[in-house]
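There are structures below to look over.
You will see two complexes here that share chain A, one where it goes with chain B and one where it goes with chain C.
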Partner chain A sequence: MSVLAKWRESRAVRKFMRDKAAIASLVVIGAYTLIFLWTVFTNLDADHVNSKKPQELSWLQQYTKDTGEAHASPSGKYWLGTDRLGRDITKRVLVSVNVAFKIGLVTAFIACFIGLIMGGLAGYFGGWVDLVITWIYSVFSSIPYIVLLLLIAAIFRESDGLTGLYVAFGVSFWIGPARVVRGEIMKLKELEYVQAAIAMGNSRIVVLFKHVIPNTMHLIFVYFSLLFIGAIKSEVILTFLGLGVKGMPSWGLMISDAKAEITSGIWGQMLGASLALFVLVYAFNIFTDALQDALDPKHQ
Partner chain B sequence: MSLLQVKDLVTEFKTDQGVVRALRGISFDIKAGETVGLVGESGCGKSVSARSIMRLIPNPPGKISEGEIIFDGKDVLKMSEKEMRAIRGNKISMIFQDPMTSLNPVLRIDYQLEEVLALHQPNLSKAERRQVALDMMKKVKIPSPEQRLREYPHQLSGGMRQRVMIAIALACRPTLLLADEPTTALDVTVQAQILNLMAELREDIGTAILLITHDLGVVAEVCDRVMVMYLGEVVESGPVEQIFANPQHPYTISLMKSIPKITASRKSGERLDTIRGVVPSLHNVPKGCSFRERCDFAKEVCDTDHPELKETTNGTCYRCFFPQGQS
Partner chain C sequence: MWSYALKRIVAFIPVYIVVMGFITYVSWEHMNVVDAHLDKNAQAQERRELEEQLGLTGSVFLRNAKKIWKTLRFQFGMSMTKNRPVKTVLWERGIISLTLTLPALFLSTFIAVVIGLFAAYFRGQAVDRFIMMAATVGMSVSFLVYIIVFQYLLTFKLELFPTYGWNETFLDSLSFLVLPIFIQVLVSLGYDSRFYRAVMVEESTKDYITTAYAKGVSQGKVIFVHMLRNALIPIITRFFIAMPFLFMGSFLLEMFFGIPGLGSTMINALTGKTDPPLIIGATAVLCTGYLIFLVLTDILYAVVDPRVRLE
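And now, the complex of A and B:
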């Protein structure tokens, strides 16, 4: 059987496919992913001006340039209208997918990676390794979230849009996976195949990485999905507070701008950004639950 | 010269209620190629003995505190961890009780089988390793071995998984195999197949086997010698025919009597023989003979004095002041 055929036949995939809502969520996520890839390949994420020809606008700026019709109402021409600088809202909503996905992917990846290593070492070795690591994450999780982010935003205020956010989220989001991985590993290390692996002559650390950690991957996949949207949602909040993305369009930025417009009855930007955000987050939530059901070994 | 000599081995564990000595000074020999059974109730120290030999006792809370384990002329307890790793899986192998959990569920069979080869025979090329893996699968009589190699543990039955475990254990042709209740989790027909397999492999590869079990029937089938353990001590040992024909220690005698017999009459009212009382806790080891409370033949001296292991002329030994065998 080919690898693809075997994968299709596997229990997890079959279970997932039986859930209609799960498939719908996958389609939605796929659509967003295509938009993301489009923004990457058309360089819509480069907001910098071409330094050799400063008069020339970047492709992004051209794509969302001032149409001269500030605050136009939604119509056939501009589906959601334009913002106060005359930029087409619909286009900006689409381009924001870029920032959303970048934040989501990088953060989830960094946090899951650090969480896996830290949780793995703490759970497997116990003793003072565990003490040190749990002390670290207890301290981190006790610092008020906003204070931590303020601190990091201040450190990174000179650099371009996203690095500060990556660091801020990476540093606070790894704790969730670490806790869960630690617990799972404390359970797994007592199982016989771990003993058997040591009995055949492997060193303990090799056993941790070759045998034990692969058995926690189902948890990591679920966490990855959760942190992806956690990061996107957090970005919205941070940008709202003025600490987030600068220089690139993002839903957080749009919602933040829109809060002034709403009082004048202009709803295009608020609706567009909120709806785009909501649909993605909702799809991911459904996806995460379905993923968890499919990967749960107890539902054999 | 014996392959393995265990002398006065003491293994202890720190618990909330104090230090517990799971092994209270056991000694035994295993000669090259022989199959020795180790029997006893749950908790008597059988598994701890095997794990002590492999130095698999987790260091907090356990510790091998006294004694010597001489394997192939060298004291295992004095070896570095690196030297130990070279022995585990290679010269001494172990198979475990539950085949359902002894294999890693997310790794393929060929990976797990080749792992031990990659560890101990690095000079083999990938193709050679694959060939050895295939040969081992055939030796343990797994049908369609090429296909099975590419499968995952959950696709195999319990009996097949145990065969794979045996294949992994014997892949590097160890001189000693520690089998910790290898058939307990299997149904009776599969049990018989596995025991036959082990007997054949013993002929083929010449491995000595320490077979830990609580099933005396298995011992009678397969073993050359047997040791009976109780509360962390060896209480009787000797050639299988001798021990079964003429057990000396009251505990051994009771064990033999408590085996359900297929020829027993089915009159109503006929009950199974049991041993009265319970095994004392290791936290409160009784003074004198540890079997005192449950023994029908104990006298005053059994309360105060701890019997030593006494050897007899026909190669058996027992730990009792008043052995009950026929002389």
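And now, the complex of A and C:
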């Protein structure tokens, strides 16, 4: 059978497809991904946002520029109204998907990658490698998550862009996957087929990559999903504290602006940003649940 | 067992040293301390004076080594923003944070366990599915949204609670605590009840439950006596792991509701006028607390589960 057919027939996928809520969540995530791809291909670039010459206004700026109607009420023209600078809120909500996805994807990838390597090395080679890596792990996990995040974000406070957030999240989030991968590999190491493969003369490294790591991928997938959302939620809070995203519109920025507006009865921005965020997070939570159920070997 | 505990404590010491060294270094060298505490029109001379005063002159290695050595001896010095000893600030504000987080932890654990028990008991039925859906929804809403919405509704619109502030004595401040505690419990409920439900479900699949039912034990007794007792380990672990962070408080809630707790103080020390001694002191407390509670939890495991003792 072709690889695709094999994959389709696999137990995990079949189980996943049986869960209607899971399919719905996948559709929603797909919709957001399409919006993200749309923002990517129409060249939304943070660097252009701060450019001053009118001719150099990026597509982003033109799309979200001041319409001259600050705080307009929701209407047919502006579905959610405009914010205090007259920018169309609906458009800003959509554009924020760009930042959200960038942060989610990059940091989840970095954290899972580092976690896989660290956990893999520690679990597989044991001995002093394990000791060193476990010790590093202890160091990172005994600094309270928020303090680590804030410290690193504060270091990068001066610089624009998302690099600071990438580093902060990558450094804080890798310990989750690492711990889990290490545990799993320590179990897998003892299984007979691994020992047989080594006994047959395959190098230990080859066995690691060919047999052991693929069997930890189900854990990595779940963590990727969890960290994607974790990063987005944390970005919202960091931006609120003034440490997160600056130039680009993001839901965190919108919610933090909306806080002041809500006492004047202006609810458009609050509703738009929090709803967009909520739907994405909720869809991902359902997706992760279904993923865990589908991939859990105990549920055969 | 005590040798086990001792071994764990000893293993953590190098961890603590590295963590505090790192924090000390970063807080003093990478947070623009000098800029934050100078006037806008400061001259180079004043700059140099301040640097000397703060101990930021000389070789990078030496000055940090000195500072780290001080930190490790738990000498945190004076807070630069509050002009009082760091230890005093930590203690006073930490207690204030505790008045929010401790009741919240008790309440949310209690309620979430009950909900989890309930859902696990009716596992698979409509009640369970509804509870789980509600929990997932609750979990998906951003903390910020909870705060903003409830603060708006209950303090501004309906004027049921005071919006902001704190009074001198604790008893006077009770009314300021109700809403924050309520929000904290609400936020934790989603995640916690799912977790405790999973724990209960896991327990209910075990053989001893079937045996108990077969023996004719009543449903109530099976759930509340047998299942709960065995599910205690994860529950207690969770409770204990949360403990060291209670001291720091929920910084978002403190900021929004004007509660002068350790959390908001920390945030200000990190984002506003940077205050390295305070940052270092608070991290030291948290780190020590975390490590201590880690060891305590292990010991507790050994007490609750006899099988662990034999390892």
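Just so it is clear, the second predicted complex is superposed on the first by the 281 of 300 C-alpha atoms of A that agree within 3 Å, B and C clash if a C-alpha of one lies under 4 Å from a C-alpha of the other, contacts with A are read in each partner's own complex, and residues count from 1 in each chain.
What we mean here is this: a contact is a pair of C-beta atoms (placed from the backbone, for glycine too) under 8 Å apart; a residue touches a chain by one contact, two chains touch by 3 or more.
Here the structure is a predicted model, which is why all the values come from computation and not from measurement.
K.L.:
Regarding the shared-chain residue A:A154, is it in contact with chain B (first), chain C (second), both, or neither?
P.N.:
A:A154 sits against chain C, while chain B stays out of touch.
K.L.:
After lining up the shared chain so the two structures overlap, which partner does A:F278 touch, if you call chain B first and chain C second: first, second, both or neither?
P.N.:
In the superposition, A:F278 contacts chain C only.
K.L.:
Between chain B and chain C, which one contacts more residues of chain A in the superposed model?
P.N.:
Comparing touch counts on chain A for chain B and chain C gives C.
K.L.:
Quick check on the superposed pair: does A:A260 touch chain B, chain C, both, or neither? Answer first, second, both or neither.
P.N.:
So A:A260 meets neither chain B nor chain C here.
K.L.:
Between chain B (first) and chain C (second), which, if any, makes contact with A:V236: first, second, both or neither?
P.N.:
In the superposed model, A:V236 contacts chain C only, not chain B.
K.L.:
Counting only touches as set out at the top, which of chain B and chain C does A:A24 meet: first, second, both, neither?
P.N.:
Neither partner.
K.L.:
What is the contact status of A:S138 with respect to chain B (first) and chain C (second): first, second, both, or neither?
P.N.:
After superposing on A, A:S138 lies in contact with chain C but is clear of chain B.
K.L.:
Examine A:L37 and indicate which partner it touches, taking first as chain B and second as chain C; both and neither are also allowed.
P.N.:
Neither partner.
K.L.:
Please report the chain A residues shared by its interface with chain B and its interface with chain C.
P.N.:
Dual-contact residues (chain A): none.
K.L.:
Which residues of chain A touch chain C in the complex?
P.N.:
The contact residues of chain A facing chain C are 135, 138-139, 142-144, 146-147, 150-151, 154-155, 157-158, 233, 236-237, 240-243, 255-256, 258-259, 262-263, 270, 274, 277-278, 281-282, 285-286, 289.
K.L.:
Given the complex with chain B, which residues does chain A contribute to the contact?
P.N.:
127, 191-193, 195-203, 211, 214-215, 217, 297
K.L.:
How about chain B: which of its residues touch chain A in the complex?
P.N.:
54, 56, 60, 81, 85-90, 93-94, 96-98, 101-107, 115-116, 119-120, 165, 168-169
K.L.:
If we count contacts the way the header does, which residues on chain C are in touch with chain A in the complex?
P.N.:
12, 14-16, 18-19, 22-23, 26-27, 30-32, 136-137, 139-145, 148, 152, 156, 244-245, 248, 251-252, 266-267, 270-271, 274, 279, 282-283, 286-287, 290-291
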